[in-house]
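For reference, the structure discussed in these notes is given below.
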Amino acid sequence: MTVMVLSGNSAQAHAVRLARVQVVSAYPITPQTSIVEKIADLVATGALKAEYVQVESEHSALQVVVSASGMGARTYTATSSHGLLLMHELVHWASGARDPIVMGVVNRAVGPPWNIGADHTDSMSQRDTGWIQFYAESNQEVIDTVLMAFRLAEHPDVRLPVMVMEDAFYLSHTLEPVDVPDQAVVDGFLPPREAHATLHPGTSARLGSFTGPDRYVDFRFEVAKAMERVPATLRLVEEEYKKATGRSHGGAVPTYRVDDADAVLITMGTSTTTARTVVDDLRAQGKKVGLAKLRLFRPFPNEEIRALGAMVDRIGVADRSYTFGPMGAAGTEVSAALYPSSHHPAVTGFYAGIGGRDVTPHVVRRMYESLLSGAVPEVHWEDIEEEVSVDG
Amino acid sequence: MAKLTLPAQELMFSGHSACPGCGAALAMRLLLKGLGPRTVVSVPACCWTVIATPYPTTALGVAMMDNPIEATGASISGIRAALDAMGEKDVTVVGFAGDGGTADIGIQALSGMLERRTNALYVMYDNEAYMNTGVQRSGETPLGAWTTTTPVEGHEHGKIEAKKDMMAIVLAHHPVYAATLNPSFPEDFERKVEKAKAMSGPRFFDIFAPCSTGWRFDAQKTIAIGRLATDTGVFPLYEVENGRYHVTRKVGSLKPVEEYLHAQGRFRHLTPANIAAVGAQVRDGWEKLLTFESESLVAPTPSAAPTAPPATRA
Amino acid sequence: MIEIRFHGRGGQGAVLASEMLSQAAFIDGKVPQSFPFFGVERRGAPVTAFFRVDDHLIQIRTSITQPDIVVVLDPGLLKVIPVADGLRPGGLMLVNSRRPPAEIEAPPGARRATVDASRIALAHGLGSKTMPVVNTVILGALARASGVVSLEAISAAIEKYAPAKPAQNRDAAIEGYGAVRTIDPTTSPVPPVPKVPHPLPPLPEGPIASRPTTSIHTSSWRTLTPVIHLAHCTKCNFCWKFCPDDAIGFDDQGFPVIKLDYCKGCGICAEECPPKTIEMISED
């Protein structure tokens, strides 16, 4: 184990090196570009022995790894924002073909207007494509999650692609110390891919196919069942990762000081770190607040959210994207997950950090105070100053 | 038995679901005869998606990967990259796409694949329209042809634009080999397949694929129409290797283009003036081709001769 | 409500028949509904289309599994598809066939009707010998045998909506109306056993398809069958080279043999045979 000062993007690239990825496809887009640049260096110096395919678009970038994965190779690509949106057709394809691809996604706003700031609209718009989705909070979590993602994706019970998200700039370009596991440790944790249902030259077989209404649903059902097996498989993978490296990141929904909380805020990605500090401050003032992080968004961690909902009366959900539903994407999902429970906490949706706005301690404190006051509308735009009413 | 002039192996199975007399089915059959079992074929959305039959059956005796309509070029780059990474040698990687999936929506991925010098053979089987969706115009639909989106009704008289010259577009990328093939000339077809198979680097085939359904002729005429296409100069047979053109079927004097046009319902509405315009275009193309051939014998055409062909890549 | 299921082949116009029937029913003042079972059928492959008619707006949107009437545009389909599946007691089965209705196999209690639609269509210049376009003849016959629409409405609908040759199609329908033969059931109807949709077994092979299509027989696609008169065969192999279905093999002496399970009857082998020793014959 070596501690290196790395950006989130370098952390992705080092994870790719350690995972001994065999095929990487690359197309630039800010703020993802430095991932594929770093991988190009790793390949050039021989640190990573991979086919590095330079494509003419993100659509082709994903197709290259879809086809390479269909042949049995371990594959990786990375993108952001408009690149991810251009990939959309192939994003569905990858899960339907059961390709265990891992893709780094740097969450960035979608234009117009053009904006390269952090925003989850890009990956949220892909939430129903059959990919497993992780949102990382730190560069340590990035490197560990990418490594775990390969194990999870390739696990015989799963065989689905995984996106590992990092917030634009707050992680992608932020340098911080990262424990980089040794190659031998990773080799022990992540053996070479055991190809299942892939094509082999010299055999008569078709991957993809077409069906009628009589058969199609069976394919969807298989994907659904595989998704349902993700939580249990993730627990297993995390345990093994902990055995190998001593680290784990607390499952699908790690919580912080929620045990006796009157109000809990649910966050995703980097705003979690700031929120944790605010929780400590508020606790010091005697306010009973807690925090939960949606680390896994797909499959949605219903069980964990229901367990949390059974403990508290007020939940706020901070979304870093606007999705035109009753609340933000995470807010809506949390509400839906809680609906069948007997205990119904009040749920408030917050929009915070849209398009790269800072989610400051001030903003987080305001969200907590809204929750504690009980006088909050169903949804609230925290980034819009005019609407600040609680502490002005 | 008389000696077979084509390889005996059959890697396209009977029982597929192409229309009776389908030129695209014959194209696949002849192609795989020459390429052999260690072939991986990537097929986008097109008639061949359906011809290959629904899950769990497959019509190919080789590995087949489906891919979205516009991504064949990228798909074969991915397949080659995986094979290289896994140390699989002696595999021919083929993209087998329709004209719409190649010349229109897939031209970007094709260009990318050629430019990055993927070691693969890209085949455009050219039935000159979007057939799987029921005969709509593509960039490869020829001048004057009826399709459902270039109707012959009111003041419309079929397609008013000329066919896109895919060979020229491909040649601008300096492939190691590019050729036109026609199943009506199976020995010429097979010679080109075997030649391409022995090479490495980006290769391209434009295969003529008459479609009785979309072109409106009786199924038994598939071969005859293909023959007419070449002998009237509508679809000349040639190959380009390292910048050198070679016309592989020399037609002393071209047959009148009417013979080809009158054989198909899609051209039934053409007036003598329309036919004269098509004829002029065909003759012009043919003469240019002969010029390219004679000039490239002296010096390979500049557009087709990269100074130092880069190494083949995935 | 009356429900009709059409069985035909891609290219014969089964879907168009159900559409024109809708227009005709509307002309008659009724409320129609028609829709194809949308597969991805190539020309020659079996296709299905559905038609409902009632006095008021139809309040169901599903495939038809228990039709009152089954219409079969191609006699060859009787051998390969359970066309009469779910036919209601006392229902009607109308088949394009030159045979008398008594020779048509139908569920007990069904009325049977036949019309030699292929012959009539060709006589009116509709379609080709390999693929006669029989849909309008069948509509005429259906009008007479079932009474669901009037001949006037059928004629008017064809004149307006036939994509080509409206007059010939109308005349063909009128001839079909006159030529259809019907017999009433000789046995009493047996209520059909409702078909319970049974789930298919789980995916046996993951997303990989690996059974060769040689398990699929396409013989029913053909309307004409090639016969090789070996006396003149020179063993040139042209037929083998050009067959798009790989439906020609060789016998011990090197003579070509048609694989009848797969031949789709395209006629290429006959057309390309240099000594013209392959003949396309009708099997019906």
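Every chain is named by a letter (A, B and C) in the order it is written, and numbering of its residues begins at 1.
By definition in this document, contacts are C-beta pairs under 8 Å (C-beta built on N, C-alpha and C of every residue); 3 or more make two chains touch, one makes a residue touch a chain.
Computed from a predicted model, the values in this text were never measured in an experiment.
J.: Tell me the shape of the graph of touching chains, choosing from line, ring, star, complete and other.
T.: Graph shape, chains as nodes and touching pairs as edges: complete.
J.: Which chain lies at the heart of the structure, taking centres as C-alpha averages?
T.: B
J.: Count the C-beta pairs in contact for A-B and for A-C, then report the pair with the higher count.
T.: More contacting C-beta pairs are found at A-B.
J.: Counting in whole Å, what is the centre-to-centre distance of chain B and chain C, each centre being its mean C-alpha position?
T.: Here chain B and chain C have centroids separated by 33 Å.
J.: How many angstrom lie between the CA centroids of chain A and chain B, rounded to a whole number?
T.: 43
J.: With chain centres defined as C-alpha means, what is the inter-centre distance between chain A and chain C in Å?
T.: A distance of 53 Å separates the two centres.
J.: Do you know which chain B residues sit against two or more other chains?
T.: Chain B, residues with two or more chain partners: 49-50, 52, 55-56, 58, 61.
J.: So which bits of chain C are touching at least two other chains?
T.: In chain C, the residues touching two or more other chains are 40, 205, 209-210, 212.
J.: Pull out every residue in chain A that's touching 2 or more other chains.
T.: 199, 203-210, 212, 215
J.: Which of the residues in chain C come into contact with chain A in the complex?
T.: My answer: residues 39-40, 200, 202-203, 205-210, 212.
J.: Quick one: which bits of chain A touch chain C in the complex? Just the residue numbers, please.
T.: 96-98, 196-197, 199, 203-210, 212, 214-215, 218-219, 222
J.: Which stretch or stretches of chain A touch chain B in the complex?
T.: Touching chain B: residues 22-23, 25, 50-51, 53-57, 59-61, 63-73, 75, 89-90, 93, 199-212, 215 of chain A.
J.: Would you tell me which residues of chain C are touching chain B in their complex?
T.: Its residues touching chain B are 10-11, 40, 42-45, 128, 130, 204-205, 209-218, 221-222, 234-237, 240-247, 250, 253-254, 259, 261-262, 264-268, 270-272, 280.
J.: Considering only the defined contacts, which chain B positions touch chain A in the complex?
T.: 37-40, 42, 49-50, 52, 54-56, 58, 60-68, 70-71, 73-79, 81-86, 88, 91, 108-109, 111-112, 115-116, 314
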